[in-house]
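Look for subunit A in each of the two complexes below; its partner is subunit B in the first and subunit C in the second.
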Partner chain A sequence: MAELKKEDLLKAYRTMREIRDFEERVHKEFATGKIPGFVHLYAGEEAVATGVCSHLTDDDRITSTHRGHGHCIAKGVDIIGMMAEIFGKKTGSCCGKGGSMHIADLEKGMLGANGIVGAGGPLGCGAALAAKFKGKGGVAVVFFGDGASNQGTILESMNLANIWNLPVIFLAENNGYAESTGVKYNVPTPNIADRAAGFNMPGVTVDGNDFFAVYEAAGEAIKRAREGGGPTLLECKTNRFYGHFEGDAMTYKAPGEVKRQREECDCLKIFAAKATAAGLVTAAELEAIDKEVAALIDEAVEKALAAPNPTEADLLTDVYVSY
Partner chain B sequence: MHNTKTTVGIIANPLSGRDVRRLVTKASVFQNAEKSNMVLRMLGVLGKLGVDEVFMLPDVSGVASRVIHAMRHGRAAEISAFPRVTFLEMPIRDSADDSLRAAELMVSMGVSVIIVMGGDGTHRVVANASGDTPLLTLSTGTNNVFPEIREATITGLAAGLVASGKVRLKDVASRNKVLRCEVNGSRKDMALVDLGVSTECWIGARALWEASCLTELFVSFAEPDAIGLSSIPALIHPVSRTDAYGLRLVVAPPGEGFMTVEAPIAPGVLLPVSVAEISEVRPKEVFKVETARGTLALDGEREIEFSENDSVKVWLEMDGPVTVDVNKVMLAAAKHHVLVRHHRN
Partner chain C sequence: MSRKISFKDAINEALSQEMERDGSVIVMGLDNAGGRGTEGQLDAWGGVLGVTKGLYGKYGDRVIDTPISESSYIGAAVGAAACGMRPVVEMMFSDFFGVCFDQMMNQAAKFRYMFGGKAVTPVTMRTCYGGGFRAAAQHSQVLYSVFAHIPGLKVVVPSTPYDAKGLLTQCIRDNDPVIFMEHKVLYAMKGEVPEESYTIPFGKANVVREGKDATIVAIGWMVHKALQAAQSLSKAGVECEVIDPRTVSPLDFDTIIKSVEKTGRLVIVDESNPRCSMASDISSVVAQNAFKALKGPIQMVTAPHTPSPFSGALEDLYLPSPAKIEAAVKATM
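The block that comes next holds the complex of A and B.
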């Protein structure tokens, strides 16, 4: 159980705050009609990406989902570039040609958000296989949702990862819904982690709203993978605060469900309460971070709005990579 | 008395056996399908022994759903022997609160006994509400101390024998000890087997699987063949479930203290633990936790975070949950030929 020092705590809080503010802001900007394409917001799930990525270096790889902003920020992708990408601008992480669902930054080990549900599994196995060949202790983390847990790609990847003993962590973000379908309707076991037994790997479920729970369990799974122990299925139970995509009225959720979750299960509130009660950080220190992050998000939106669109000449660049 | 129904509660925790111990130790993965099978095996014998109705948690994706499926699609001859199965009307939150709420409801409905399926944690939660209602304990996994590891059919049989009055409860039931704790005079909680004090600041992934962060340990009983924290004092000074005292142990830094014990503190894990002090504790003797900041682990799982500003107290009580000794039930059944029919020749 690795000890978290004050600077680790402040860094984790900053990351979670960046994700939250980023998503709250994208929610507002989307309503103005200036953002092209779909966006799926990660607000409510910040402790998962942050707790996991706190253990990773740029040499470790992650694969993401259609709900990828949180994974990007936690993996260190530049927020200014991300915002520009979401606005479809030339200054974006992928020159404005990918948008929300394709943000990637290979230098940071972020192999890309992905619009195909379950596509991260095989990609993550590939990255893990590469890490295994390199032999430097690198790992891959496959983030996927409760809905994706039913995809053949994910299940086949778990099989492959276990027969090849790959350094990969299957990180199930169980937010209770796949679009409008409740997890209890489409997953036959009470926990997604229950499925691990069928692949002969450890399956663990933790409270995904508690950064400390995610951090600890992910730390152990990643350590195990680095040491050659093989894959783990780690399930984090969490909530999404916004609709499946922006514009979803969430008629499938119970009245008051999100309100209760925002009050009782907000990972940022839980983190702040625990970290201050333990006397390791002060409320003033957290407030200072809140201010800095708010300024950063303002700057990101201003820069995105001011940035140029890609031109016709950009259309055919970066489409194929020649080896 | 004759027109009142004989009822039994079954609390099977579908969430048990999924914590981080699967990753950090070699703890077993207990499939929920098997928990449902255990319930079905018990339903068969409970019905045959004259139990009229069984109450269960209504979890939709876990143990109950498979029981419902089996009752709808199973073989008629088998199903017709089942008691009536009623699912409690209560919201499911997928947390420990579900088991607590179910226990409260079952007690208020006056069930004869409650069969609990889960680990130490599930039993601890149920014990918070079971009061005088006797529990039959059934372990679903390998890293438990309080519940019995036993074939469910026999537990069901014992439950049926006691519930139907074929074996007298008072001959086979006994009250357990508990360790109680409170923080600043409120925030009360309890442990059935062991209460560990850890320097870990956070509840985090809950389980306590490293001895290095353990500073103090209280146990209500200590069986040398047990797995987990209670094995530490148990290998020095065994205490039975019926002895009118428990133990307190103070951990020393590695190599210090007056002895080191190699203890199986988790499945597949044998670790040296150095001991500074070990002493018997009497009921109601209150101890102030000496560790300034950390967490309290109740039956092996971190549950309460405390800091320098908090005053944490721990003591032993004799007023824990009532449990039925399945061994004694079956011995009594044998002695009185309860399940025997004599043939006249």
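The block that comes next holds the complex of A and C.
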């Protein structure tokens, strides 16, 4: 905690609050039928994306998942454009062509949310390979879930990254579930990070609801990667507060499970308690951020609703660079 | 025959009846029961869209939930099929075949030929496909023409609850690897389905509507759009024959060619991208075999040569529609 300056802490809190409010608002808007398609919310997991991306610049790359809104916001993708994208509007980050599952901003080093589970592993290795050739200390972070940890692409990528000594961090977001199936059914080791031993790389498991734990562990792994020390498998144990996708009744969760998690494991509450107790920030400062973020999300939804749809002229463009 | 059930329930019933009938039938896929390894309910999902719901309660461990490892679990179904089981393995969305194509294309499809006719691989790969859900570029594709391209795979594309049950039962009893493609928009559609089990043979098209002026061949969801167009054209005095091939590999060219010889006009409605599609395939076979019967140019109504857009405003333009089909029929005149 000590190395974090007040402004860093307030920035981290703002990011987490932006993600939370964004997701809760998308949840509400989805229920009204205004948002089309499949939507997977990141609420509950904010400390992971934020703790990791706090160490990254626009020149560092991340690959994301179907649950990508949090990664986007933490990597600095414009919230107004994201919301418009989710509503399928022309002003969206991807002109309404991608939607929730495919938000990307290459300028920000965000290589895209992804509809294919495990697809980010190889892409992240490629980003790290490119960074290695450029020689400026850039790194890549591959976000993937406990379910994705069983995908061949992820395991092959861990091997590749190690034999090529790539500056990549494999960031396992273990929220306990792959859709409706518990991690205990799908993963034979107590921790996903245990698999690191098989690839001869460091494997670390931390409390993903604790921003400070994530921040510290990610900082070490990223520093090592920047200095040529190769990949790390970092597992963050966390919770998702909503269904696998919007519309999922979550009957596979124990009664009261989410309620308890919201009370006891809410990363925003944990952050606020720790940071104020240490005297690093005040409750008033956090409340001020809450207000600003709420206004920003309102603005994003208003703009998204008012924005035009893409038109027939957009249908056939963007397939190739040249025709 | 008056009982009406949904396309989804027809599939579930076929699975259940075949599991009951034959102990070597097993069901595998992501969350096909659901809730395993949790403190909540078991059989929580029955697959992402609930198609296999309830099978776990009836058949227990013969419903196998899989990790997200398509190469290994689809491949394991292929291997088990080669060793005496009859797996029905689910690929949640057909787009994900990209992850495990080798096990289908180089393994399942080729065993019989490579091994000189000695192998039998009775695996059924169920998958949902298609547009209309605003599910964007990686969850909306129509890939049956990719699969139909590969010798050794059979590819089944039902358009009604009745066909879904009969064709799936045939898939499970068939001794070759079959891909069974379920359009996600059709799951809720209801239709008459007999309670007892029955099969529909592969390679036999269904003439859904008879007509003398033009032939429309349509696949899956598109059959319903073609029927709408045919009804509307009928008011203008144009009678279309609508043919549903039901299986795209094998494909019943005879029925299509006979119809074109009668009508002299052909429109093919295929939701997939146009290049190397079923539409271009059927078009070429008809041009080769019934050229003299044609009174006008063959027309294809397909998606454009682009990935599926997310925005509803774009997806509506992207998909074939009754209006586009009507225009295509007029263009053959």
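The criterion applied here is as follows: the second predicted complex is superposed on the first by the 318 of 323 C-alpha atoms of A that agree within 3 Å, B and C clash if a C-alpha of one lies under 4 Å from a C-alpha of the other, contacts with A are read in each partner's own complex, and residues count from 1 in each chain.
Assume contacts are C-beta pairs under 8 Å (C-beta built on N, C-alpha and C of every residue); 3 or more make two chains touch, one makes a residue touch a chain.
These numbers were taken from a predicted model, which means no experiment stands behind them.
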Room on subunit A for both subunit B and subunit C (clash or fit)
fit
Per the contact definition in the header, classify A:Ser157: touching subunit B only (first), subunit C only (second), both, or neither.
neither
Name the chain, either subunit B or subunit C, that contacts more residues of subunit A.
C
Return first, second, both or neither, reflecting whether A:Val117 touches subunit B, subunit C, both chains, or no partner chain.
second
First (subunit B), second (subunit C), both or neither: which does A:Ser93 touch?
neither
May I ask you to decide whether A:Met250 touches subunit B, subunit C, both, or neither, giving the answer as first, second, both or neither?
second
Going by the contact rule set out at the top, does A:Asn239 touch subunit B (first), subunit C (second), both, or neither?
neither
Regarding the shared-chain residue A:Lys184, is it in contact with subunit B (first), subunit C (second), both, or neither?
both
Between subunit B and subunit C, once the two complexes are placed on the common chain, what is the minimum CA to CA distance in Å?
9
Subunit B and subunit C contact sites that coincide on subunit A, given as residue numbers
183-184, 187
Please give the residue numbers of subunit B that touch subunit A in the complex, ascending.
14-15, 18-20, 22-24, 29, 31-32, 59-62, 94, 200-206, 210, 213, 293, 305, 307-309
Residue numbers of subunit A touching subunit C in their complex, please.
36-38, 88-90, 94, 96-99, 101-102, 114-118, 147-148, 150-153, 177-187, 250-255, 257, 309-312, 314-316, 318-319
Of all residues in subunit A, which touch subunit B in the complex?
1, 4, 183-184, 187-191, 193-194, 196-197, 202-206, 210, 212-213, 215-217, 220-221, 224, 232, 234-235, 237, 274, 277-280
Once bound in the complex, which stretches of subunit C touch subunit A?
30-31, 34-41, 44-45, 48, 65, 67-72, 95-96, 98-99, 133-139, 304-307, 309-314, 317-318
